[in-house]
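Please find the structures below.
Both of the next two complexes hold chain A, though its partner changes from chain B to chain C.
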Partner chain A sequence: MTEKTVQLKVMRYKQGQSSPTYQTFPVTVNENTTVLVALTDIRRDQDSSLSLRHSCHHASCGTCGMRINGEEQLACVVKVLDLGTDTVVVEPLNNAPLLTDLVVNMEPFYDRFNTAGLPFIRESEFLPDAEVAEGIENYMRCENCIECGLCVSACPIMGSDPEYYGPAALAAVNRVVEEPRGLETESLLDWVDNQKGCWRCHVAYECSEVCPSGVDPGGHIMALRRQLTRRRFSRLLGG
Partner chain B sequence: MDQIQPTTDPARPRNPLKSWFDVRGRKVGTWAFALNRLTAIGLTVYLFMHLIVLSTLLGGEEGWNTFLAIARSPLFLVLDVVLLFGVIYHALNGTRVALVGMGFAARNHKTLFWVLSAIGIVLFLVGAYLIFTL
Partner chain C sequence: MASYHAVIIGGGGTGAAVAHDLTLRGLKVTLVERGEVTSGTTGRHHGLLHSGARYAVKDKESAVECIEENTILRRIAPGSFELNDGLFVAISEEEEAYSKDLIEGCRECGIPVKQLTREEALRLEPRLNPDLRMAVQVPDATMDAMRMPLRFFATAKANGADIRPFTEVVDFIKRGNAVSAIRVRDHRSEKDYEITGDIFINATGPWSGKIADMVGVEVPIRPSPGVMLAVYGRLSNMVINHLHQSGDGDIIVPQRGLSVIGTSSWVVEDPDNLGLPEEHIQMMVDKGSTLIPAVRQAKFRAAWSAARPLIGPRGADTGRELSRTFKCFDHVDEGVEGFVTITGGKAATLRGMAETTANMVCQKLGHDVPAPPARQSYYRIRPTTPKETRSND
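Right after this comes the complex of A and B.
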């Protein structure tokens, strides 16, 4: 098994610091070492104060989203040697408040779903006899979306407008509009029909490029626009 | 519905210019977006430059001759070619964004980009040739 020492240049930040800094760690990796494993190795062997968030290790939970060499990816499925660089730059996601090191506050991200009353689980996925954890009424998720936040981090408009709803929430809205299953969609269309909603998108499609689940948020936003354009024409014609 | 929480990050102040124009590692859609913004800024600056140059016409016949001398200089012709690129790119990409935004070719936006780019390159080369030869 080939081994190589690679430099991991990691963004560091702790509460109270004026701005983030970078710290470089040498890490010995082999062809199976993922960025997430390299980071946990650093945490175990070199600096236990390095903070990062992770869970499943197989691209299902979406918690280890970060920017690796400038691209939004899930650290658990990116192999260090596949990146082909001697120095790997690891940074937290953009367009979310930085809490510490590689951990960002996802609250504004989830708030967009909550404000819209989203996401709704597919009815067919309900198990009538399933027990939900204490304190929640229903299991909720947006189908393929693993709510990792990569799309929001990569979006150039999120980078200039902190109140833009963003690709993840808009994709979730369109998912309900496409397949309402008895849910009321007019209020959702009203919610996104403004300059902070789907008209704020400038069609860069970077959200769809970085999405690890193939959700294609950009395509969903355009589908919403088509719906809204139809609705406006329909209203103009007295429909 | 309630107001949403802004994504403001005190530790990393927002930098719109970096967000729009830092295309390192980004794909064709972001390059198209950044170039669209750049050409938009360029065309706006050009509009004011155009008005300033045209104001030389207020000097009568002498002003007209001065304007022609400027307009036929090699530097001005090169600027015309740059302007032509900006106009063609912005017009065609704007068409693409409008079509995609209305739901046409939303999932084939890249193909549409390359098709319109091919058309744009032909228009640009013909236009640049005419600028230097007419």
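Right after this comes the complex of A and C.
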């Protein structure tokens, strides 16, 4: 297996510091080394103060979102050598308060997400031709959205308008509208039917570009607009 | 007077559950974790809520622990699992014969089983290897490895526990023969400070040997990594197991739109240096495709290693021979007071591990309260700030 030394230029910030700085670490990587593993190797061998979030290592938990060479990605599924640059720039997500190094505070993000109230488990849409095993009502599976915040970091509106709910929460609202599973949808539609909600989006689709789970938040926002337009018409017609 | 009754070291599933249990018993609790919570073994495991069937023939103690905890977790943490059951698939004649041992073992351990014919199994899971001879259905389930323990963290926090991520233990401070404080470094500011406590609980899984070294006691831990491979596509709805004695690459766990094939097993000294053997990734493809042939064509998503915290003597070399059960060590036997270790076990048994640990801790502290009932209402998975109302979604 080929090994190569690559420079990781990592944004550093510790509380009390006036502004973030950059620090460059040489790291030996092979074809399988992900940016996440390169960062944890740095923490083990070079600097134990380097802080980052990570958990599942296979794009299922959504904790290791960061900007890699300027693009929002999950560090666990980006192989260093696939980037093709001798220096790889690693920075925290945008549009979230910076806590330290590559760690941002996700709480405001989760709070908005909670308002959407999306249940974590959905009906499985796979294997429609298969039977459901006896003893199981229907197959359930986890929602696609892993709440990583990449879409919120990439959204051009979020940076200029902190009031905007953002693509993740709006996509979650539309998922509830699509599959309510007992939840009330009218008040959710009211919540997003304004300039903080789905009418604020400028249709840049950056969110859908960066989503690592194929959620297509931009598509969900457009679906919400259609839903709200239908609702207005039906109200006009007294329906 | 110490600031806390109990100080937990390690923010994985075990630490979360211990914090939750002790908080419910009225103790003042804090937990320190050097990184983000669930950034060690917890978040990285296979995501399988074991029914216990895998251990029902050779490791009955683990099997019984699994089915008991499986049943409790389904009840107390609904919404954390894809309730999809599991199939053990027999492909060779020998495996078909072994199914009798499996079924008998499951019945002895109290694990519900149902025998399926080849045709029944293929109707449920059309992508299975068509050469299968029969299958056995058991109550396995897929869990979100991170979010299930997050419920315990959120509930513990709401009940008063102080959870401190990015806080690394740098030293233990003793008074006489008792641990009385830890010196920690807050990695958000790189400032050190001390936390005093009546008892210190080492819940660091494969790192528990390293932490024990800092205190000068011994924990017979064998960090035993395994490789997992995630491919695009949900190739099955149920958890698919190879019906044979435990081996490599013999479980496929569907997670969202991915299928995760695992795992292998070896033993390392340093849980921070697992490596990712290339041949193990290929082995997951090869072995996984004997269960579901489409694994071979499926697009690669990720491959990674995670270290099990197995208990065993030095010299164990593959990790397969070691039990999956857990153990709580009171280091007073080695002359150190105020320090216990909980290790071994599995994600599926985190609640039971915590209850055992909390019993020992309360007994040592002379804190005479009964264990909280197994059924507690839990916070929902998502919030790290549990200001939402409780729910059993």
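FYI, the second predicted complex is superposed on the first by the 212 of 239 C-alpha atoms of A that agree within 3 Å, B and C clash if a C-alpha of one lies under 4 Å from a C-alpha of the other, contacts with A are read in each partner's own complex, and residues count from 1 in each chain.
Here, contacts are C-beta pairs under 8 Å (C-beta built on N, C-alpha and C of every residue); 3 or more make two chains touch, one makes a residue touch a chain.
Since the model is a prediction, treat every value here as computed from it, not as a measurement.
Participant: Which partner does A:51 reach: the first (chain B), the second (chain C), both, or neither?
Facilitator: After superposing on A, A:51 lies in contact with chain C but is clear of chain B.
Participant: State whether A:107 touches chain B only (first), chain C only (second), both chains, or neither.
Facilitator: After superposition on chain A, A:107 lies in contact with both partners, chain B and chain C.
Participant: Contact-wise, after the overlay, does A:185 reach chain B, chain C, both or neither (first, second, both, neither)?
Facilitator: Touch partners of A:185: none, neither chain B nor chain C.
Participant: Which partner does A:77 contact after superposing on A: first (chain B), second (chain C), both, neither?
Facilitator: Touch status of A:77: second partner only.
Participant: Per the contact definition in the header, classify A:202: touching chain B only (first), chain C only (second), both, or neither.
Facilitator: So A:202 only meets chain B here.
Participant: Which partner does A:7 reach: the first (chain B), the second (chain C), both, or neither?
Facilitator: A:7 sits against neither chain B nor chain C.
Participant: May I ask you to decide whether A:116 touches chain B, chain C, both, or neither, giving the answer as first, second, both or neither?
Facilitator: A:116 contacts chain B only, not chain C.
Participant: Using the superposition on chain A as set up above, list the residues of chain A that contact both chain B and chain C.
Facilitator: 107, 111
Participant: Taking the complex as given, what residues does chain B use to touch chain A?
Facilitator: Residues of chain B touching chain A: 1-12, 14-16, 18-20, 24-27, 29-30, 32-34, 36, 96-97, 100-103, 106-107, 109-110.
Participant: So in the complex, which bits of chain C are touching chain A?
Facilitator: 35-36, 38-39, 42-44, 47, 79-85, 114, 123-127, 137, 142, 144-147, 166, 168, 185, 187-190, 228, 230, 234, 236-238, 254-258, 260, 272-273, 276, 278, 281, 301-304, 306, 380-385, 388, 393
Participant: Quick check: in the complex, which residue numbers of chain A touch chain C?
Facilitator: 1, 14-16, 32, 34, 37, 40, 44, 48-49, 51-61, 63, 76-77, 99-100, 103, 106-107, 110-111, 113-114, 119-121, 124, 126-127, 129-136, 139-144, 146-147, 213-214
Participant: Contact residues on chain A for chain B in the complex?
Facilitator: Contact set of chain A toward chain B: 13, 17, 19-20, 69-71, 94-98, 104, 107-109, 111-112, 115-117, 152, 154, 156-160, 162-163, 165-166, 187, 191, 196, 201-206, 208-209, 216, 218-219, 222-223, 225-226, 229.
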